[in-house]
Amino acid sequence: MKRLNPYLTGGITPDWIDYLIAFQEAGADAVEIGLPFSDPMLDGATIQQASDQALRRGVTVASILADLTAARDRIRIPLIAMTYANLVFRGAPAHGGGPEAFCRRLADAGVSGLIVPDVPVDEADRLDEAAAAAGIDLVLLAAPVTPADRLAEIGRRSRGFVYAVSVMDTTGERALLAETAAPLARRIKEVTDLPVLIGFGISTPAQAAAAARTGDGVVIGAALMRRVLDGASPDDLRAEVAAFRTALDQVDQEMPVARAHAEISGDRR
Amino acid sequence: MNATAPGAVIGSVMGEPSATGRFGQFGGRYVPESLVPACAALEAAFRDAWADPAFHERLARLRSEFAGRPTALTPALNLSAQLGVTLLLKREDLAHTGSHKINNVLGQALLAQRMGKTHLIAETGAGQHGVATATAAALFGMRATVYMGERDIARQQLNVFRMELLGAEVIPVTSGSRTLKDATNEAMRAWVAAVDEAHFCLGSVGGPHPYPWLVRELQRVIGEEARAQVPATPDVVVACVGGGSNAAGTFAGFVDTPARLIGVEAAGGAAMTDGRPGVVHGYRSLVLQDDDGQVLEAESIAAGLDYPGVGPEHAHLGTTGRAEYRTVTDGEVLDAVRRLARSEGIICALESAHAVAWVLRAAGTPDLPTGSTVLLTLSGRGDKDMATLAGEVR
Amino acid sequence: MNATAPGAVIGSVMGEPSATGRFGQFGGRYVPESLVPACAALEAAFRDAWADPAFHERLARLRSEFAGRPTALTPALNLSAQLGVTLLLKREDLAHTGSHKINNVLGQALLAQRMGKTHLIAETGAGQHGVATATAAALFGMRATVYMGERDIARQQLNVFRMELLGAEVIPVTSGSRTLKDATNEAMRAWVAAVDEAHFCLGSVGGPHPYPWLVRELQRVIGEEARAQVPATPDVVVACVGGGSNAAGTFAGFVDTPARLIGVEAAGGAAMTDGRPGVVHGYRSLVLQDDDGQVLEAESIAAGLDYPGVGPEHAHLGTTGRAEYRTVTDGEVLDAVRRLARSEGIICALESAHAVAWVLRAAGTPDLPTGSTVLLTLSGRGDKDMATLAGEVR
Amino acid sequence: MKRLNPYLTGGITPDWIDYLIAFQEAGADAVEIGLPFSDPMLDGATIQQASDQALRRGVTVASILADLTAARDRIRIPLIAMTYANLVFRGAPAHGGGPEAFCRRLADAGVSGLIVPDVPVDEADRLDEAAAAAGIDLVLLAAPVTPADRLAEIGRRSRGFVYAVSVMDTTGERALLAETAAPLARRIKEVTDLPVLIGFGISTPAQAAAAARTGDGVVIGAALMRRVLDGASPDDLRAEVAAFRTALDQVDQEMPVARAHAEISGDRR
């Protein structure tokens, strides 16, 4: 089945958990929880704004994890944290900091995956170990410009799935699915058996469907966060995510082979 | 690298960083995968160029024929007499475009040309790096796009118009602190989207590997010239520190001497003094941040020092004790600009005035005993700051 | 001196003027009796100092250690390729304070000190001479009073604040054209009232004897450096002409070569082209004046060229044919600033852009045939003009 | 008798000749007629303003001389032109210009003396000759800083009288008579038998009297021109000049010797 990982900025509104539940109810396979950072280098305007809004509300990693812990009983799908290196590496192990403690805190809150866009594979050794020790999948990203040897290493070292950054750009809505998306997904699939999720700029169900014809699923970020920023309710977002779900399911029906492949790879907990 | 007594001679310090771009525990290449190949290509191009005498020759020609190097070493006779120290000023304010930033940019533009790039992207705070980038782009027939925080645009308008006159596009950055920090974010984002044809012309010794090394090597000319110009090894070498490029270039010329190396930060942007280890803008260093790891907004009257990070090599030099870092306040800086102007006939940039302010405060104290000889890098001229000063000094 | 074919080698030209301070029929000392002794004393002091190796040594030190001399000679590669001539730029914009004016002022301040003066009085148009004077006053611990027309104060505000920061008093002149002409009147009036302790630090090659000679000798360094820097004698040597000091200094280095010497005036302030013999500000030269002998107000976008007179030696060089004079319009000047910025990465002063504008217009015509080598003195940098340009260029 | 030479900017008002006549009626010994110049280097604010006002009215040397010619029958005292070098040297003799023609034009209009403050004795040769040829007295100025040898030359070459510039300053009213006035007048009298008139800054009858105790008379300029600029009538100015006359006459009575001397020197035509 084609995977649908909607993204949600942790703490974007006081009732942000309701959006998470709405995503779940709409058929999300997992939710990526953004832990807002002051300097989100790889994010475009929408997710920057979402992060800022959350930070202005006083949200912290601790408060987001506490909210997730509190909502644990309502959450049935995997949660994947997405954040930047500074929040991950912050502090020394001796003082309860460092990536080891960070990963343990994620795991304690029921988070099972981690994406850190500014930690490329070359800088990932320590985080790799820390994540593994805490039982967290460290998802690595591949980009259209990633050369073959790096791609192989990313495929080998990524856990859970490989995140295909569809476009040479920041996060943000786009009129068209980038032409680089499909070739990248195909190249990744040649070097790994992990599912390949395509993200960055997937803005409509049609684009999601198109992406899913090569990849094993999609991450939807800015398109959803823009609605939340505009004041849409959890119900509104449920409908939005459901539309993506429907589009992906249709792809599944078109492509039985791909679906079968996805079911075998089994990263869905 | 162990902690080292100040003044000890260390040969290997300020050489090449480790294979992963580290100076001790600082540095690295914390960038999105989209940028990793570009950083790797830049590193390869730099290694190649730096080993090529023809590249050095072109750079040397540009420096002397275009940028006005070597810059003068001016004995500040009046201040020296007043303060009881011998103060020597390395005059980067006399370099073309008005600051040391041109040293870095000419080298990077040559590299970019060698790599077949046609577009320079830059971040700027005070606008000096933006002007230098726009200048090099004009000279090399490249496009230039400069990201600059809205707040800095307002306080450094002269430089905005200079960039535009040189044909650069200046893009106002309205996010976050609307200063250098956010301009850097935006420039990196823009680079992601244009990495094929664009070179990110980073302005200081921060950023992902190889930038901290590359920029320091390109600024090394400050220290090497000064070393050749001073009558004897100074007791103290001092420079202001924003990202830390003029200080790094200066220190590089004296790191293997017994000279004490002093970097002076803005009290409101003192990553070396108040920062904690962290990762921003692609490198690990000391960063002003809150307990949650959110990067703090710096607050300095000098747009070029109004930055919460600092180059990783400074973090290393500070941690090992080879260099020491001090802070001065905005008020001391304004006094220093005026005092230098009235005593020596030199109007320096607010950034550069940080180094002057420390000398004014420290002279005659144990930190800078009477009789010391001080080499001070005056990183830039103050024309750009006249609007700010008109409001503050009288 | 008879009329001389352009390009002929003349040894004695640009030497010492006659005993009454004349270059041919121009020059002299047309000042109130109150100022005659001061002019005579200055002449004596100058002769004495100029014969004193210690004076030359001090001046040379100041030039190199303080003012950043020698200034670079930059081949303008892009413009040269576009225009079909070899264009070499003598970079006075890189001198400390941003123009050639510092050359003159350092020499005069040394002289003033030697004469026991404690106060410098200056007139200024663009403010560059005022800034240079304020700078030297700060360095030498003297008082500085600078007279500046109200109109120039408005269009060169950056320089007004620089002067004030350096500790100078800037006195707005509200009479007449409220530009350089009237500032000069006021400065001379102020000198009369303070002649004991004050030196009139005149900014160009006008004024009563010995100023035209003294200032040309102090600016000769431009031409002499350039002469040593050029690979071969240029076909044409060109500089802008307000009072004419940067041109005189440049020409002095090449007057004994076959190089053609071209001075470029503002169309609205072209004393060489449109002036008639007359006496103002203490000297006889060519002057813009009406049929009744009233001096006309010049009208140029460049405050430093917005002046109805011209140094007497230029009148002589022009009359004898050794130098030629051209005019360019404000519109050509604005284009030239932009073209130089975009092609070479150099933002020059509006004044200097007059010389550039002539090259742009003449290249490829019989006046400047394809293949010529041109040495152009870029007299100053354009920072001061950004406000004006912001309104005019885009 | 102590001399009183009031100064009048030619053409300052349409009825400027009426001021001239008023000066004459009030007992002036001669009147100095300013021929306004755009750049009066040695004049302070008041006379600059007076010159500007005249120039703005379109006044020229020619129009002033024409006015004087027209009023010739009413004028019984000597007229001395005061102007700057550019107006004197303007033009070439071949084209009806130059100091020779200038002096002839003055003489034709009934002017008998000429003062050119920016032509010091060193620059005076040609003008000297031209003036002499036209029968014009070229009056030279001496200043407090003039050294002895120059003073002797000035005394020797001046015609009519020697103008003692009382103060190291421009023209203009002053609260006090300059301390330099008397010593300068004394020094000049040592080198010449010509009368010595003290000018620059003499603003009140009392100051005039004080000056006249050393010199042979005074020139009054800015103090009168300020009144004219302020709108005072010829009648007002007649009273003003008469007050100066009275003050000078009183000095005459105090100092019979000085008066006798002045009467002998006889430059009054």
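When the chains are written out, they are named A, B, C and D in that same order, and each has its own residue count from 1.
One rule holds in what follows: a residue touches a chain if its C-beta (ideal position, glycine included) is under 8 Å from a C-beta of that chain, and two chains touch if they have at least 3 such contacts.
Every value quoted in this text rests on a predicted model; they were computed, and no experiment measured them.
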item: Labels of chains that are neighbours to subunit A and to subunit D; value: none
item: Distance between the centres, which are taken as Cα means, of subunit B and subunit A, whole angstrom; value: 37
item: Whole-Å gap between the CA centroids of subunit B and subunit D; value: 67
item: Shared interface positions of subunit B, touching two or more other chains; value: none
item: Contacts with two or more other chains, residues of subunit D listed in rising order; value: none
item: Contact graph of the chains (line, ring, star, complete, other); value: line
item: Interchain contacts (touch definition) - all pairs; value: A-B, B-C, C-D
item: Residues on subunit A engaged by subunit B in the complex (per definition of touch); value: 37-42, 44, 48, 52, 55, 60-62, 84-87, 89-92, 117-123, 140-147, 150, 154, 165, 168-170
item: Residue numbers on subunit B that touch subunit A, as the complex places them; value: 20, 28-34, 36-38, 175-176, 181-182, 185, 188-189, 192-193, 195-196, 276-282, 284, 287, 289, 292-295
item: Subunit C to subunit B touching residues, read off their complex; value: 64-68, 71-75, 78, 91, 94-96, 98, 134-139, 141, 158, 161-162, 165-167, 337-338, 341-347, 382-384, 386, 389-390, 393
